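Each structure below appears as structure tokens.
Each of the two complexes below includes chain A, the first together with chain B, the second together with chain C.
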Partner chain A sequence: MSTPILEIRRLNKHFGPTYANKNIDFTLKKGEIRGLIGENGSGKSTLISQIAGVQSPDSGEMLVDGKPYSPHSPIDAYDHKISMVLQELGVVGNLPVAANVFLGRTKQFTKYGILNKKKMNRAVAEQFEKWDLPMPPHGKQIGSMMIETRKLIELVRALSVDPDIILLDEITQSLSLNNREKLYELLKRLKDMGRSAILITHDVEEMIEITDTITVLRDGAVVGNLVSAETTPDEIKRMMVGREIEGDLYRSDQSASFDDEVVLSVKNMSVEGELEDITFDVHAGEILGFCGLSDSGIHSVGRAVYGLSKATPDSVYLKAKNLYIKNSTQALKNNVGYVPKDRDTEAMMISDSIRENFTMPSMNELTGPVGFVSPGEMKKLAREMVGKLSVKCESISQQVNALSGGNKQKINLGRWLAKDLKLLILDCPTRGVDVGVKAYIYTLMIEAKKNKIATILISDELPEVLGMADRLIVMKDGKMTGMLKRDEEFTEQAIIGVMI
Partner chain B sequence: MQKELSVSRGEKRQNSVLIFLLFIAVLAVIACIVDFLTDGMFLEAKNAQVMISNSIYPTFIAWGLCFLFACGYTDLSLGGVVILGSFASCAFGNAFGYPGVILGGLVVGTLLVFINFNIFAFTKIPSWIASISLAMIYEALAVFLRANSATKKFIDVELSRDFRALGQFPVNLILLAACFVIVYFVYNRMSIGLNIQAIGGNKAVSKSLGVNIPKTLLLVGLICGLLIGASAVIQESYNVKTTALSGLASIQFIFKPLAIALLAQILQRWINIILVVPFCSLVIYAVFNVMTFFGIPSGTLQDVCLCIFLIVFGIIGQRGVKEVVK
Partner chain C sequence: MKKTRIRIKFQDVVPFVAFFAIFLFFTIMSYDSRSSTFRMLTTLNLSTLVDQTMQTIVVACGALFVVSQGGIDLSVGVNLALSGVIGTWAAHATGMSWLLIPVALGVGLVIGLFNGIIVSKFKVSSFMLTIAMLIGVRGLVNYIQASIQAQRLPTELSFLNGSTIKTIIFIAILLIMGYVFEFTKIGRYSRAIGENETAAKFIGIPVAKMKIIAFALSGLMAGMGAIFSLVTIGSTSQQMGVFLEMRVVMAIFLGGVLVTGGSSAKFYKILLGSFSIQIIINGLALMNKSDSHISQSVQGVLLLLILLVSAIASRKPKRVREMPEDALPVGKA
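Our next item is the complex of A and B:
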């Protein structure tokens, strides 16, 4: 692990007056797994997207194997054996798995202009088998698949070019525990093969465990290069935010505490092909956690309760309002909020402004008697929330797609907190956010608990549900397999036991 | 896993064939019932022939629309293109025989649709807006050619009896079968077909993964143009004379093909879209044929039914459609 494969020298990138990357220098060696960490908006994704050819640097140079490297597109990067799973890239929802993996590279399966689909399907199955990843349903359009499956398909697409360097931007947070383990194994294999990886994740402990070296970014600049085995989470956090972060992120009490009043009562709820016979109550001031391995159905629970999927009739009873939730409009009108896992696709209007995104769930409250929506009131609410949540933006008119992941998530969650909620459903609320924003989101959840809001917390992160939930429902294959209450025995081992 | 995969593929293919056979069986049963209700007139050889012949040229337009929809575009000027293509087919056919009939329609159809796609690809104007303007231009051109004394004598005439075979049964059916094979392969078995569908699914991702967007769009223009040109040739050979339309009336040329394409989009969950289009075309024309048998006036109530079909097919076709994922 001594020969450099990628060298980055004095790389600069700015958007208008804002420096996204400032004089970045680092060297990636063969067989090295390097982590990139920093707060949201610190320039990690911008840096990695320049290496991937999605964006071009304003100045500076990159060398691959000692030769100048200036990619103009991800295809250029592929040609240099650099592949990626990035936030900017994605999948083509109306195509099946094989077409997504080999899109733009189908010549190898073409003879006399005719595409040999059998050969292409065989090749994709071989790739999934080679990397020991679960093969998704073969002929199905991947738009209908879960975000985790789509990320795995992107990962296989990146691996299928036999890369010397693989760039992974926040992939682990889309994966459930078992697939995350597979990814770690895969990285070890790549390392053994002399391949290199650059990995972005907001999970500091995970980064220390799976990387060799860590580059910490703050305000677009490198503030330190660390050897993973010689550093601590606290040191990294301190370097990321420029100050000491003390104490635990999660709630400190060790026992469940909530009111007797039942806010939501779910009885024998099923969703065809997704959930079977789900029954639970959520109380005022309670945080009810859901966890499970991939395909356990935890994410379907949120959608079904909020009325987004076709659940058993009269199975979701909002006791606080004395009604059965039938659809999302009814849920919204009756003080139920939902923060989905797939933020950019299912939650945000990413081409619209911060103002529109903040005010959309509160439209009923902002609309006057004759249907007039006061622009002044909209601005006032958006400004208040931007200030309260410290959203880093130019103005409330800025488009949401220009914001970093963490700031998007602040809007995604914060807009519900502007309402007088009875029930809040959170599906992976800290996915793709840094430690600072994470701590802030947990603070908001504790505040919501104090305000007697019932919260359903669905998460792929065991420490998160352990740290925040009063009670925890474990699921497997669309069914509930156990329920645990917050006490001294509320541990990862106990949960994994029920989970598996 | 390899074995599992091939088993599931085999099962899938078997299911598709079964569904297709079931679809044909259902159509046959309905046809028999309708035949009974119309005292045997519906399935009379002559009536069946008329229905089939009527349904062929819209099938070509519907195939063209399938390509357009697959890459996320709409072209409302296709009716105008068919009119101009038919004029060319007639004028050159009467002058040069079959080569003139075929090349006249194909060249004009391909050229005009290719121009349309250049405009869509490079100006970035929403295609439905650009195509309405183009429809008006093509209509105006058709009216001008029809009114101008120098060109009227070539256009305002019937296609000679000697060169009408391409629109007559069973030559038109043979042409349809031959074109089906080509269109099926292009859409399903060639990289261009895959790229077209990828652009429609997620343009940005497709571009990032190396799909040449302008080149693909121009190729769609070429393929779609050839299909519209072929439609013009068959239409002229079958109807022998085409009327110039104005005030966007040419859009009605694509109403039935639009209904066909939308119905095919619904059925594509079970049957390949290119395969199902000719059957959908036959179904739509059969429905109108039955309405005529039952005395429902054409031009008024039949048109209302067509519009209702369009809306219903559109609604069903969009059910369960997810937005582009990232």
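Our next item is the complex of A and C:
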């Protein structure tokens, strides 16, 4: 465990005048699981993508196994036994699972120029089995699959290289609880095999749990190396932001509190192949949590309530407005808001301006006589929200895809808070954001609660739902399996019991 | 302190440069040494040019809505022909010449609504559907045209060819359509759909309704284009609206709207693009009056160039992960 497998010396990378990585020194030993943590924009992803060969450093050197290493592409990295699951490298949507796993490496299954699909499918199945991960259906094209499945496919692709070092950039956020457990197991096995891993996650507790050592980055530079067993979440958070973060992230009160007024009443709602017989009420000022393992259908609940899927007619009753929600347009008009899970593809118009993104849900409110939408009013609203949420940007006409994940998420959520909402549906609102933004999002949720907005909080992160919800619905296979109230019932054990 | 940096996007400059380059080139090429004049700049030619461009702009006003949503309407040419032929026929058959106007607009609108409903309800690609329309409706136009023979514009309506009244109507159309596109929900929603249709739907934008509206406007403006065409030319013909869809589409793209639509769609761009394409057609005609084939080839090459430029321009900019130090939240709380 003492020999270094990867050494990085005085590595620098800048974009324009700003350093993304500043004089990074980094040593990874064989059999070491290293965590990389920092706020959004602290340079973690930049560092990891240079190791993966996606970007090249401006100066500095990297050594693998003592030999100079300067990869020009991920394939180059594969050749050095370094593989990766990055935030956005992704999978090829139009190809089946097997072809994606062995992307660019299908030669081994080819004879006389003909691809032996059976052999390749068998090899893929073996890989999934070897690492104890759920195998997605063979023939299906990947484009139609959930993010989680796609991430798992990428993970298996990375593992199939038989890597000495595996790089994992924010993979846990896309995984549900049961698959996360599998990932932890898998990391342990890799470690036992003498392999190393570098992983990025925003979940500090998780990071301490699964890594050996942690490197903290701030403003592109390494601010500290910690031994996981000897550190605390508070110490890490302090190092990340460079100041003290006060208290707990979540709500401080330990009992449920909300009005008697029912805002939304869902009765016997089913969606074919997704949900069965869902019934619940949400009250004014209540945060109603939904949790469950993958395929439990929690995300479908959000879509169905917002009128995006073919749910049982007249099953979603918006009592506050005395009507049944039939489609998303109607939901938007009647003071309901929805923050979907997959921000870049489902929520944002990423190559459009911040202004457009902020104001799009408020178009009805911004429309004056003769259908006039005043550009001045739009600017005013966007400026106001950018200021209120302190979104880091150059101007409101900047394109959204130039922003960091946390700032994008602030827009994604904040644009709904500009409206006078009755009901807000949040699907994984803190996915892929750092502690600072996370804490801020929770503050916004508490504020919404105070303003008597009913909130549906769907999340893959159990601590988040436990920390924020007044009541909690646990789901399994598209059905509700339990309902718990904040107060004494809220413990992870109690919930996991109902979940499985 | 607040720094305002005006950033001019590459893709926004190209159409202007193209317009001036095209104008300069064809003006110089039109120099006639015998009379030592630029034939491009004669009063007669300029008024012809403006006349032709008006028609393109009117039709492009509507088609822009479809393009901004990431779709395309290739049926505007045949739609214009059908509206014109049926409108004229209705006027003659009933003896009420003013009937031409509502009938032409109505036919255009119906064809547009049909396109919109098929595209939005059956999730058909607008490209394929409107190509089918392009072929099918042209057949219909030819059939009607053959059975009723060429029909002249009713004389009661020829006053519309006066330059003042035409200009007034034209400007009114520009103002109304420009207003709807730039300053109402319909325009903004359309561009949002072009940017990301899934997100638009997830926000609650009525995507299907917006598509129907866009095609309906496109159809209506084709009907309006038919009136302009009839008034200018004086009668229907087999050639009515032939290749107009290409001229309109090229005007929109040459103006700098990306094929994917979205926020690149701006109203002023169709004015710019329409003039550019019309100068090319006019300029080529001036250079070589006898040969119209070469004109088509040049248009083809141009379309290819436009596609290449917009492909390069729409390539995703490298994602900037870190914000510059001086980046400050606008109006910090």
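Remarks
By definition in this document, the second predicted complex is superposed on the first by the 498 of 500 C-alpha atoms of A that agree within 3 Å, B and C clash if a C-alpha of one lies under 4 Å from a C-alpha of the other, contacts with A are read in each partner's own complex, and residues count from 1 in each chain.
The definition used in the following text is that contacts are C-beta pairs under 8 Å (C-beta built on N, C-alpha and C of every residue); 3 or more make two chains touch, one makes a residue touch a chain.
No experiment lies behind these values; they were computed from the predicted model shown.
Superposition of the two complexes onto chain A shows a clash between chain B and chain C. In the overlay built on the shared chain, the residue A:43 is in contact with chain C alone; chain B does not reach it. By the touch criterion defined above, A:129 lies against chain B but remains apart from chain C after alignment on the C-alpha atoms of chain A. In the superposition on chain A, contact of A:383 is made with chain C only, not with chain B.
After overlaying the two complexes on the shared chain, residue contacts for A:345 are found with chain B and with chain C alike.
Touch criterion not met for A:68: it reaches neither chain B nor chain C. Contacts of A:117 after superposition on the shared chain: chain B is touched, whereas chain C is not. Applying the stated contact rule after C-alpha superposition, one finds that A:369 touches neither chain B nor chain C. Of the two partner chains placed around the shared chain by superposition, chain C is the only one that A:391 touches, whereas chain B remains out of contact. Of the two partners chain B and chain C, more residues of chain A are touched by C. The clashing stretch of chain C relative to chain B, chosen from 131-139, 149-157, 185-193 or 275-283, is 131-139 in the chain A superposition. Contacts of chain A with chain B, set against its contacts with chain C after fitting on chain A, overlap at residues 345. Interface residues of chain A facing chain C in the complex, by the touch rule stated above, are 15-20, 41, 43, 45-46, 220, 306-308, 327-333, 338, 340, 345-353, 356, 360-361, 363-364, 367, 371-375, 383-384, 386-396, 399, 401-404. Contacts from chain A toward chain B in the complex involve residues 54, 73-75, 78, 87-95, 99, 103-107, 110, 113-115, 117, 121-122, 125, 128-129, 135, 137-139, 142-144, 147, 150, 342, 344-345. Looking at the complex, you find that chain B touches chain A at residues 1-2, 5, 8-9, 12, 185, 189-191, 193-195, 197-198, 200-202, 204-211, 322-326.
Against chain A, in their complex, chain C makes its touches with residues 4-5, 180, 183-186, 188-189, 191-192, 195-196, 198-206, 209, 262-263, 316-317, 319-325, 327-333.
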